[in-house]
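Labels run A, B, C and D following the written order; every chain starts at residue 1.
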């Protein structure tokens, strides 16, 4: 019984990480149509930037902020230089992101080296209720993730930005015709997506060590969650994250761990077949 | 000119005589003092390693190890064989962490540069596809990749007929390694009777898993549940670890990969999976940094823990290596691996002196196979399958302090 | 004016069959003489492997260049071929020559299944699904140990026996074997491009709804193209396994698929010689670089960005158009002097 | 020749709450020109989408020469000889005019389609055959759409607002084209349009839709004098409410 409870808790904490990965992707991929496979690299870079910030003696929260800002800035440059010119052909955007991956990984390798980089978590306590244990840091990350997602949900459903994005996602031309500054909104979204990746990286680093080549796994999981949830749907991503998190926890706890990474892909394929637009696809938020 | 050479030959044969009696290292230094010895062609040692891409963490130490050995030999005046002094030259090739480039690199070294000695690559598929090239060309190849365990057999390394007799594995093979680790954890962690194993699902893990399980049983401990294999690079292990915790082990053996072990260890401790832990490959320094006042953890390094000084030889090794790590400590991940290649290269040069040849790889391989060598990793000798048997560092972490011992099977 | 109107039709519709054949013949000759120019073994080996990779890229070229559908799963299909060859050799049921058709059919079949699933969704979704399938393949090759040898992979030590010639294992012979294979593959695809089938693929790419309204079964066209690309990848996989003499899980899957995509992009998806040139550039550039490995990789990544941004058609068409422009510039000047 | 008729019987099409077509029954004989008119949102385009099987009707059935075709994949319906064009010019942008024509011709290979030269001639596209479709002027792109349709040797050609976006000169050229086609081809035509200058002279019979209901059908003369039709169009004259 307590084991099951523990697995549920594990599943939730996995879910919070998944959510963190997916939220940026679902925004960028879902609303701008940019297939950015380098998203995980932004994440890792964010983490590495955070380590440097901490090395400079900054406290962890500030380091997160730094990562958020730096990756946002880099995201802005990349969108300007790479993805905006390719907006018309998403496939080329995808290929460009492959080039980005190679470049970003090895730039990170030059700056931070191939060593695994870790920070000692700002919260070291482990909370225990009976045999069910969870580290305070994980709870903190979960909470932050939920906050970030709620803020986004509110923005998407209430703000002009959100309404515009919804219009763009449904029909770019019409939106443009209706006088929505499509380009500006798209770039803004990409910047926010990258910044969130940066923040996510910093947060993940407080849970897991990272190396310049950790990005791939994050990207894959992120895409799986974003697609299952329905691209562009933050709430969908939230639901999908919880589902996939639970599946992974329960399945690899009770079935076979070696196939754990296959579950996400399987889920992705099945969902796309049954509901090509994802669990909460079509609309936004 | 001619008579000069004949004279050299004479001196050489004498040197050879001494060589076969005493240890090669001694000869090397002894010859360094002989000023009149003529200089011959340099001995070229090819290195195939990952200097870019995801495997650079294993590739860099490999190259460093070989360079250290070469530099040392040259500082001692080169390697004197049959009275001719040969400097050692390292020819490096980056395989970009990729099979295709490994094969091309092997071609470049073997066919284009006629190199007779190759060290590396350090990882599974890369080695597997290079072996055929080196062995057909009778090129001596050293690597520590675990995949070699399945590739080397009594038959195919048999002197003068085996088709892989020029291939040597520098890492202590399973199950010897696992048996030793279990013995050590019995010694340091209060003979834990209920044990569990978590190991990565890769070419290394395949062997380890099975052998650790056997070793546990042999040591009269009980295996509380079958080994748990995880996908390499997993970030969140809590669900596996919870499953293990359910079986209430005294000791959890966390095996391979180095990059994952420390992550698993930390999460296991947060979940309070077992009373004590053994892990292979994680750096004690990193563990202490990640998990302050860590307790009841035994760490084994592959093969040396960073900056450990369990023996004078090891201390000397790190002192020597410091100069290489200086600029790029960034690449110190599993840096201890350099020791395998450092010793391996010196062993090779030693074998050349004893065999008294720089190009007859048959003789050199034969000598290597049967001549023990006392290096950084203690007394290294190859078993009947060309697999080196050497020791490695164990560090007990208690109250956030590490106390290390170097042990051999 | 006329040049303007000609320009797009030249770039869009695959250049005429004759033009493709000519470029391929030229390529075959240039590459064919290389071994006689005393190129070293490293160069010859990497070329051989590049040829095999480019066969897979040529197949993808048909799918992407003509049907406009990008796939990452071809890396897995490449692996399907390699594993068919390796398992066939291990069980001593297939020689390389018998493995070729078997692998081609198996991979085509696999592609049909993947396609039947993936082609139900459009655009980037298709891409992501092929990615998922590629990774599923890799994970399966790791975990279906009895069949695939798991992480250890399978050694392929059978010699390549050419009927009449006997065993061929010299680098040069394997080089020519691969060259013949790649030229053959290019010819097949060039022929398909210029056939009604190729035209129909372009039609689907350009305006699927209209194509259907005129009576074309667009889905079947796409699926066929995918199956053909799979067959080529599978065949290439066989030769690849016999060249590397070892197959392992990490060599295939999504990473390989991405490598094929890059090779195709560098060379140019719609030109006959593109994939081969692309593969050669992909493998040779880092070798000739004199910079330290990491800097090389950084520049390499940036180079890819440059190609995508400046010449998304790939390098080969870029050079072609440059040559054409130079030629055009000259021509009027001659006219003016004569008039 | 056998009497082929595309007929829809009691076809109803609903989107969510909206009823786009309400119990419509209408025949398109393969030797007549049938026009369909009606204000925007009266269900004209929906009708064509249903006829060309791009949408499946909620109720009712569609038959071609007695054989049921609703629910068939659109390409099958097209290969049966029922081919439609699109309201906004729809071409294969990067292909040349000739290539597109070759394609359309290929789709009719079994039925032995008309020669490209012939169709290019009557549609007046001969001098453009080497240009890419993208570079054609808008009017010609719409004509190309018709040409492609013709090349598939359809028994029935459905033209969705052919006059939309054309100037008067182009409209009259289009009218001539339709007359030429009838003169040279054994074919039935269905036309949706607002432009009475096209519809009235072109059609043998005209059907009027309003809010998804078929309110009148008859010869142009009858329609002109049909009170209920006039009532609908009293709001504004028939041409001005073209596309917006």
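Quick note on the criterion: a contact is a pair of C-beta atoms (placed from the backbone, for glycine too) under 8 Å apart; a residue touches a chain by one contact, two chains touch by 3 or more.
Since the model is a prediction, treat every value here as computed from it, not as a measurement.
Undergrad: Taking each chain's centre as the mean of its Cα atoms, which chain lies farthest from chain C?
TA: D
Undergrad: Let me have the rounded angstrom distance from the C-alpha centre of chain C over to the C-alpha centre of chain D, please.
TA: That gives a centre separation of 43 Å.
Undergrad: Between chain A and chain B, what distance separates the C-alpha centroids? Give it in angstrom.
TA: The separation of the two C-alpha centroids amounts to 39 Å.
Undergrad: In whole angstrom, what separates the CA-based centres of chain B and chain D?
TA: Between these chains, centre-to-centre, one finds 78 Å.
Undergrad: Can you list the chain A residues in contact with two or more other chains?
TA: Residues 106, 109, 258, 261 of chain A each touch two or more of the other chains.
Undergrad: Which chain C residues reach two or more other chains?
TA: Residues 139, 142-143, 294, 297 of chain C touch two or more partner chains.
Undergrad: Going by the contact rule already set, what residues in chain B reach two or more other chains?
TA: Residues 52-53, 56, 201, 231 of chain B touch two or more partner chains.
Undergrad: By the document's touch definition, which label belongs to this structure's chain graph: line, ring, star, complete, or other?
TA: It is other, because the touches fit no line, ring, star or complete pattern.
Undergrad: Can you give me every chain pair that touches, using the contact definition above?
TA: Here the touching pairs of chains are A-B, A-C, B-C, C-D.
Undergrad: What residues on chain A touch chain C, complex-wise?
TA: 29, 33, 35, 82, 85-86, 89-92, 94-96, 98-107, 109-110, 220, 223-224, 227, 258-259, 261-262, 265-266, 268-269, 272-273, 276
Undergrad: Which bits of chain B are touching chain A when the two form their complex?
TA: Touching chain A from chain B are residues 52-54, 56-57, 60, 201, 228-231, 233-236, 238-240, 242-243, 245-246, 259, 262-263, 270-272, 286, 289-290, 292, 328-333.
Undergrad: Spell out the part of chain D that touches chain C in their complex, as residue ranges.
TA: Touching chain C: residues 52, 54, 73-75, 78-79, 83-86, 90-96, 99-100, 102-104, 106-108, 130-132, 134-135, 145, 148-149, 152 of chain D.
Undergrad: What residues on chain C touch chain A, complex-wise?
TA: For chain C paired with chain A, touching residues are 64, 70, 117, 120-121, 123-125, 127-129, 131-133, 135-136, 139-140, 142-143, 258, 261-262, 265, 294-295, 297-298, 300-305, 308-309, 312.
Undergrad: In the complex of these two chains, what residues of chain C are touching chain D?
TA: Per the stated touch rule, the residues are 4-6, 8-9, 11-13, 196, 199-200, 202-203, 206-207, 209-218.
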